[in-house]
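Structures are listed in the sections that come next.
Two complexes come next, and they have one chain in common, chain A, joined by chain B in the first and chain C in the second.
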Partner chain A sequence: MKKYFSFFRMRLIAGLQYRTAALAGLSTQLVWGCMEILLYRAFWRECPERFPMGQEALSSYIWLQQALLTVFALWYWEQDLITSVRDGTIAYELTRPVNLYGMWMARTMAMRLSRAALRCWPILLISVLIPSPYGLRIRIGLPAFLLFLISLGLMLAVVCGFVLAVYALSFHLVDTNGFRVLSVAAADLLGGGVVPLPFLPEPLRTIASVSPFGSMQNVPLRIFGGDLAGIDAIRAVELQAVWAVTLIGLGILLTRSGIRKAEIAGG
Partner chain B sequence: MKTIKLYFRFLAVHLKTAMAYKGSFILSCIGQLLITTNVFLGVKFLLDRFGSVGGYRLPELTLCYSVILLSCSLAECFGRGFDAFPRILSGAQFDRILVRPRGIIFQILCQDMKPSVISRAAQGVVMLVYGITAGAVHWTIGKALTLAAMVLCGSVLFFGLFLLYAALCFFTMEGLEVMNIFTDGAREYGKYPFGIYGKGVLWITTLIVPLALVQYWPLQYLLDRGPWQYGLLPMLSLLFLIPVCAFWKFGVAHYRSTGS
Partner chain C sequence: MIEMKGVSKTYRVRRRDAGLGNAVRSFFSPEYTRVEALQDMSFSIPDGQIVGYIGPNGAGKSTTIKILCGILRPDCGTCTVGGLTPWEDRKRHVARLGVVFGQRSQLWWDVPVVDSFSLLKDIYRVENDLYQKNLVRLTELLDLGDLMKTPPRMLSLGQKMRCEIAAALLHSPDVLFLDEPTIGLDAVSKLKVREFILEENRNRGLTVLLTTHDMLDVEALCYRVLLIGKGKLLLDGDTAMVRSMAGENLSTEESVAALYQRFGI
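Moving on, here comes the complex of A and B:
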């Protein structure tokens, strides 16, 4: 366990070096958040009764989404992991006395967390200062907050589980590009990136919430806003746990069978 | 004349390169298409729920988004070289460009082109046709000309934004992600007329980065909500090129090689 933790720490520290990039990304995300808020304000003025979630809950959703974007954004793939399988550099990794999947997991988690750790604080701070109902509101009780934290952790597990399953798939497919293109688009639509899940029409909303993508940003962001509460919230977190275990299990299986049949060519 | 011929030679070369990896070309086409289709679906879902926003219905919004999407794709297809400009600079390739007997901008444009945005442009055309025929606008010759001006001036405007991005690289030596607010952001948030985001955004997009001049204001004329003079505003947006070109010249004059 200790060696995976060291990998995690190593990557975390490496990720924390990109401060200028984080600053640039930060301003983009602030503008993005403001535009989203203004957009939904127009719809709120149009017809507040047809809003499927409260305005404050939606604002919190938008700001948390911008703050945590780098944790759950599927479009950020670690290209060198994929190429290492293709060009055979993976052989070096296989000689190490560590489990490949465990190492990849530590690495991916650290990368996603470090990118968010740099960006999220200023966004959270600024969005808390924005007046109601357009800012981030902390109206959450302690039990719900604990559930939010659990859900946040499970989100990371689901996202990393999914991403690693795709990396492991590159042992079996020549080119995972197509699969990745499709999954990014599906995650955007079904995960609550295009519009939050309550805004989707039925039956797409149901499909989205049971799909693995619905167990990503959707659950913690809505628990924090108070839109997803009580027994529904607990159900959603349970489903997250199921997807986390399934995806991680699938990834481990794919990696194992992949390593077994992997052929390293060249000298 | 020779320059144009040469440009098409380069275009053919880039097309050939893209076609050499057909599978990957088709995939990136699909990828481009899926992103902007998702954006459109987002508009559709919200409009199905709310019926209209700020007085606009789906056909009008489709027209609005198609103008932005089409002009952005056109600019992106030909102005792709600017996107790669940080790499040209840091690889010291710009020195080579300077000594060749052709225009600087021309050479940068020829370095890289992006044929895969054709899928996005196709989506723009389909949406444009739907927007034109869906009965939102009572067409006259003046309105048709305005629409053409919106798309053409829009692509020139996006082209200017890409040029600005490249010019900034002379001073930062790397791509500035902040510029994405105006390029990707304009494509993303141009899905609605800039007026619905409120007065602040409308003024910024009118006076500073004149995106509303090719989208919001002429749209008012098309929908009979404003005087015909609004139909001339796309031309006015071309003035944006003057400071951008001046800035580019300033950047070139201040260029110091990045060495080896």
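Moving on, here comes the complex of A and C:
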């Protein structure tokens, strides 16, 4: 276990190297959040009764989304891993006494968490100070908060499971670029990146909620805002668990057969 | 003890002639040719030997190293390193193995070298005392000093290679595989690396298998030379033997070139 934690520390160290990037990302996310809120405010003014989410829940959704962006953003791939499979540097990884999938998982989780660990605090702090209904409001009870934390963990598992399955796919395909571009677009729409899922028309909304992308940011962000609560929230968290197990299982299988293939076909 | 018996490995390679027409044809019915990377390869290396593994490009050197590392599994034949079959028992096997691939890097390119080292320490579960001892020794012998605090992306090729070699030895492996370790190094770095490998061999009885195109490496380091070509073992002897086979008054470099010609490889 210690070695996997070590990857974590390593990634955190690597993340701290880039102050400018962290600062730039931080300001982009702040401005982006403000713009989104202004945009929704215009819609709200036009016709509040047709709004599928409360304004406060929506603002909390947006701010939390900005703060945690680096945890779930699918468009951030570890190019290193993909190239290592392509050009054969992966050979080095195979000469280590570790499980390849486990190591990749540790790396990916660490990369996502460490980036967020550096950036989320200023956004959270500032957004809490913004007056209602435009700021981040903490109106969540303890049970719901615990469910939120579980859902956050499962979100990480689903995202990493998905990303790793794609990395493992590069053992089998010469280039996974097309697949990645497609999945990023799908995740943005179906995962609640472009607009939160309640804003989508049926049947797209249902399709989105049961897709793996709907088990990413959608669930924890809406639980936090109180928009997703009670039995629906628990159902959503259960579905997250199912997707996490499925995607991780798929990734492990793809990695195993990929290594087997590389062993036979050569690097 | 490294032992290979009757190992063969064949790759399937997709080939076609140039041009659009051929590309279309190949798209619908690809033609594969079989490339025999290793044919019935057998040799054994006792503990504590430094062996040079030489041969022209495409002879099967890297394939051999990869099989010995457990990254490739051969089509037939047996192979053991210290009693373990590499590809069957990969994790246990690689724990006591050090590998340097001259063309690739195992260090994280954007964090200081020493951080990469401490990650390796945890991966190989090296005891603190042993790690500190090795670190001090490697730093001194390979003249790492300030390099340790620098990220590899800001190091020169030779400096990086010295760090790579140190990285491969942090866990005190019994066996070291070096795949072209002196590629692109300046004279000073080359000498340092050679001196270091000899030192490790003398003090700890480290077994080294070295592939290289630099015959001076072979001359400076190896008791024994394995010459391979087209996947077959052609010669097994010391550097003196290589020279005597090729004829009088030739340098090792020229002797090897003469032998390549004689074996038609």
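Here is the rule we use: the second predicted complex is superposed on the first by the 262 of 267 C-alpha atoms of A that agree within 3 Å, B and C clash if a C-alpha of one lies under 4 Å from a C-alpha of the other, contacts with A are read in each partner's own complex, and residues count from 1 in each chain.
Note that in this section a residue touches a chain if its C-beta (ideal position, glycine included) is under 8 Å from a C-beta of that chain, and two chains touch if they have at least 3 such contacts.
Here the structure is a predicted model, which means the values were calculated and not measured.
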Touching partner for A:Ala21 - first (chain B), second (chain C), both, neither: first
Superposed model, chain A: greater residue contact from chain B or chain C: B
Touching partner for A:Cys47 - first (chain B), second (chain C), both, neither: first
Partner chain(s) touched by A:Met35 [first = chain B, second = chain C, both, neither]: first
First (chain B), second (chain C), both or neither touched by A:Leu12: neither
Sites on chain C touched by chain A in the complex: 11-12, 37, 63, 66, 69-73, 87, 90-92, 94-95, 97, 99, 101, 104-106, 108, 110-111, 115-116, 118-119, 122-125, 151
Residues on chain A engaged by chain C in the complex (per definition of touch): 2-3, 5-7, 10, 13-14, 17, 88-89, 91-92, 94-99, 262-267
In the complex, chain A residues that touch chain B: 21, 24-25, 27-28, 31-32, 35, 38-39, 41-43, 46-47, 50, 52, 175, 177-178, 181-182, 184-185, 188-189, 193-195, 199-201
Sites on chain B touched by chain A in the complex: 23-24, 27-28, 30-31, 34-35, 37-39, 41-42, 45-46, 48-54, 176-178, 180-181, 185, 189, 192, 196-198, 201
